[in-house]
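Multiple structures are listed underneath, in structure tokens.
Each of the next two complexes has chain A plus one other chain: chain B in the first, chain C in the second.
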Partner chain A sequence: MGFHITDMQLNVLFQTWQTNYHIYAPRNFSGGGRFSDTDCIRYGKIEHADEIVFDKKSDYSFKEVLTPVSQTLFFFTEGQTKEADFPQKGAVIFLRSCDLYALKRLDDMYLHNSPADYYYQHLRDNIKIVLMGCEHSFENCFCVSMGTNVSTKYDMSIDRQPDGTYLVDCKDEAWVKQLVQAGCEQQEVIPAHVTENQVTVQVPENLTAEVAKSTMWEEYNSRCINCGRCNFVCPTCTCFTMQDLFYSENGKVGERRRIWASCMVDGFTDVAGGGSYRKKNGERMRFKVLHKVLDYKQRNGYHMCVGCGRCDDICPEYISFSGCINKLQSAMTEVTEQ
Partner chain B sequence: MMKNDYIPFPSKILEVIRHTKIEYTFRMEFQGDVKPGQFFEVSIPKYGEAPISVSGIGDNFVDLTIRRVGKVTNEVFEHYVGDTLLLRGPYGNGFDVSDYAGKDIIVMAGGTGLSPVRGVVDYFFNHPEQRGHMTLIAGFKTSHDILFRNDLKLWKKNMDIILTVDCAEEDVACHVGLVTQYIPQIKLDNVQNTVAVVVGPPAMMRFSVQGLLDIGLPEENVWISQERKMCCGLGKCGHCKIGDTYVCLDGPVFNYTKGKFLVD
Partner chain C sequence: MDINTKILKKNAFRVTKERGMTASRIRVPGGHLDAKYLSQIQHIAETFGNGTVHITSRQGFEIPGIPFEKMPEVNAALQSLIDGLEINQDEVGCGYPAAGTRNITACVGNRVCPFACYDTTALAQRIEKAVFPNDLHFKIALTGCPNDCAKVRMHDFGIMGMTVPHLESDRCVSCGACVKACKKKSVEALKPVNFRPQRDERRCIGCGECVLACPNAAWTRSEKKYYRLTLLGRTGKKNPRLGEDFIKWVDEDSIIKIILNTYDYVKEYIDPNAPGGKEHIGYIVDRTGFEEFKRWALRDVTLPEIAEVMTPMYWKGITY
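Then we have the complex of A and B:
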């Protein structure tokens, strides 16, 4: 059900949510950018609507709410292990259409690729989704090409209007009741969404792993500096590494964590004894790109990449992921004509 | 209540069998279904976890043959009989002995690659009626690196064993040279009814499989086992992924018709 609500009405709704939920939304971290005197927009807890950044793309995705950068799994205390506690409250997450599609990919990775992940499942079971409409496309976005520009699976949608009021489409029954009781103005609402982006990509129909033999990957050997930022901003990258941490030098009390990992960074494939795979950055780029637009689909039936373009926004070497996808067609021609 | 797969269980070390200076077999208390070629995550708090393949299976134990080459395995070697290690698993598909039943069998193993296939060799040593002719070619760097010496002696009773070392620094009672050069010595009857299992370092597997295909074995009769970094064993952490394949879930054992498409 659609409503046109005021800033105050929204904040009242926020207050009631906070009894059982933390609210996570893209917010501005002043001075938190990668260069001096620049800001960073990433996910954090908010209390009021005016903390949410509506007019820019967030540099990092929502995924850290469900898959924290560093997540304690359990504690060691001499011979015993004790599972880490879960947050007392659930999470209301504000995200855009591309990220809502990314959530499906996280679900398929953590819940359906073999046994469901204990920790992810717990956090996932207790979230609500608020879809932030996109009035216009941002730089480097290519959601339309990836088919992720329109979402319907949300608990509520929200679009901030120029006058500071909000249009919301609410599906959560309890919230609808609350908005009706508060006397909010009802009207038909369709969440804002883009229908075209400046950037478009075409994943070749005939794409196969044979494309690994193309010379197109060599460019990245020197251009890519394997910093892994593309993985960390990506809403669909899920890899992690186990890490033990101990509090005292006697080594009897500590914890096991999992921390974000990157297939671009050294050490990702290292096996004991010195073996490693994909030593060149071009090979790592190929591994990542083909995961996003080829082999994930072979396993799950749809592409992993959601076209948010954050990898292009963040790359310090100006490597364009969408540009890379668009080179695949001629690379396929190259390898099939050999 | 959902099961937390990440919490390891304690397992007592029942016996330690020393093969070389840096390779011991730890016989660990374990009851449950397990197949040769599967692996456990062995962990020591503070040092982390390491995937170790099963090298032997008994009623109340599994053997884990561990090479002392990393942070975790170094620490494992500080433990002895009566101590406890933490385990998770078993993970992976493992070898299905039924795939090889009734056939002539070739096993080629390089170095610690003998560990994951030891269970297969042992099974067919104890059940010679379930197979045809059997050949094991086991290669090690030097005579000091030879694993499972007692087994190799025992297995000789009902199968051909070709034991070889890459380089001999003294008079050794075995062949010298790479495993691949002994492929022509394999007694072959009907290649269509011959299966092969190849496990070892990547280059050894590549050339060995090629050698077997060259003597006429069909691709679908060849199995390999891949070593990768497996952090979780549960198809989540991504470290062992190759293309659309998760080595920890879909492997580590692959029929070559599938394994040949795995490009890192």
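Then we have the complex of A and C:
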């Protein structure tokens, strides 16, 4: 059901949510950018609607709410372990259409890919989704090409209006009831969404792993600095690694945690015996790109990349992921004509 | 020709090797200006000078080939530059009121440079407002980070931007980028402990390389801006030397107070027979001893808690 609500009405709704949920939304971390006097927009807990950044794309995605950067799994001492506590409250997460499609990918990887991931499931079970409408496309977005520009599977949608009021489409029954009781103005609401982006990509129909033999990857050997930013901002990158660390001098007490890993960063392909695959940055780029638009699809039937373009936004070397996808067609021609 | 060279020098004109000809020196605090002022400089050079302009070593402009009698007209023409660059002035239309305290120089700073820890131009302008006009021979320079592109250690007061890096450890992905950057590009103040970087506070120079290197915004900059203040570097014939560290992690307000206090100190102790009333501050400190200088410089200064004052200080340099 659609409503036109005021800032105050929304904040009243927030207050009810906060009994059982933390509210996570893209917010501005003032001075939190790499460079001095620059900000960072990323996910954090918010209290009020005016903390949400609507007019810019977040630098980092929502995924850290469900797959924390660093997550302690359990604590151990000599003969015993104790599972780390989960958050007491669930999460209301504000995200955009592309990110909602990313959530489906996280679900398919963590929940529907043989045994469900216990830790992901625990956090995932208790979330509500608020879809932030996109009035216009941002720089580097290519959601339309990836088919992620329109979403319907939300608990509520939200569009901030120029006058500071909000248009919401509410599907959660309890929330609808509350909004009706509060006397909120009812009207039909369709979440804002884009129908075209400046950037378009075309994943070749005939794409195969043969493209790995193309020379197109070589330019990234020198261009890429293997910092891993593209992975860390990506809403669908889920790789993690394990760390066992010991607190005390006797080395018998500690914790196991899992932390984000990146296929672009050194060490990702290290194996026992000192070997390391994909030493060159071009090889790492190839692996990442083909995982996003080739082999994930072979397993799941749809592309992993959702076209949010955050990897392009953040790359300090101005390497474009969408630009790379668009080189695949001629690379296929190159390798098939040999 | 009867002309008072003392007055024209104080008015930021120069006695040149060519008899009857002067040059006009234009202050550009922080070395940054709106492009529109360049056309006014061009106009003055082509109307009153010989059509050339020198970009000075202190980031100002010097317009040579001006006949002495044109100075009032040049001063009138300089007014838009003086107003636009917000230079303190005693009397409108009369040009620059002093030339002793030199133009305050700065690297491009964080308006452009990713490494800079602050807006060097803005702080240069703030210091200019506080210290100018003044006849005493002070040289002040600012640089955005410890790379010191502005070569501030060649100046009486060198101001070098610093940031206190803060690690949000739960955002750390143990990629090692900060540790590597600190080791290769800076002072090796970071080492991994239990997979995460541990910062040696005593070693850290606040350059911000860790923040720049971090791919996941785990390292961030301090909200407050800090500086390294270096003292009494100089060029010159007798004993050129590099400025030495005076205070690490000092704040803007303290820097300005210290500079203003130093003017009082110099007025008290400058050699009354110094040629042209000019004496590098360092020679005065050599005479009074550093502790006396410090007593004056730190008068009414409340330093931030993390500030480290180096004392005693010694300078090296070449003595001829």
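A few comments on the model shown:
We adopt the following convention: the second predicted complex is superposed on the first by the 338 of 338 C-alpha atoms of A that agree within 3 Å, B and C clash if a C-alpha of one lies under 4 Å from a C-alpha of the other, contacts with A are read in each partner's own complex, and residues count from 1 in each chain.
Criterion: a contact is a pair of C-beta atoms (placed from the backbone, for glycine too) under 8 Å apart; a residue touches a chain by one contact, two chains touch by 3 or more.
Owing to the predicted nature of the structure, the values given are computational and were not obtained by experimental measurement.
In the superposition on chain A, A:69 makes contact with chain C only, not with chain B. When both complexes are overlaid on chain A, the residue A:295 reaches chain B alone and has no touch with chain C.
Of the two partner chains placed around the shared chain by superposition, chain C is the only one that A:227 touches, whereas chain B remains out of contact. Note on chain A: of its two partners chain C and chain B, the one contacting more of its residues is B. In the superposition on chain A, A:243 makes contact with both chain B and chain C.
When the shared chain is aligned, chain C comes close enough to touch A:42, but chain B does not.
By the touch criterion stated above, A:260 is placed in contact with chain C alone, chain B being left untouched.
In the superposed model, A:54 lies in contact with neither chain B nor chain C. When the two structures are aligned on the shared chain, A:14 is found in touch with neither chain B nor chain C. Residue overlap on chain A between the chain B contacts of one complex and the chain C contacts of the other covers 241, 243, 246, 261.
Against chain C, the residues of chain A that register as touching in their complex are 29, 31-32, 34-37, 40, 42, 59-60, 68-70, 227-229, 232, 241, 243, 245-246, 259-262, 265-267. On the chain A side of its complex with chain B, the touching residues are 73-74, 76, 79, 81, 83, 109-110, 113-119, 121-122, 209, 212, 238-244, 246, 251, 254, 256, 258, 261, 263, 268-275, 277-278, 283, 287, 290-291, 295-296, 298-299. Residues 2-8, 10, 43, 45-50, 67, 69-70, 72-73, 84, 201-202, 227-229, 231-232, 234-239, 241, 243-244, 246, 249, 261, 263-264 of chain B are the ones that touch chain A when the two sit in their complex.
The touching residues of chain C, counted against chain A in their complex, run 110, 114, 116-119, 161, 163, 169-177, 194-195, 208, 211-218, 220-221, 223, 225.
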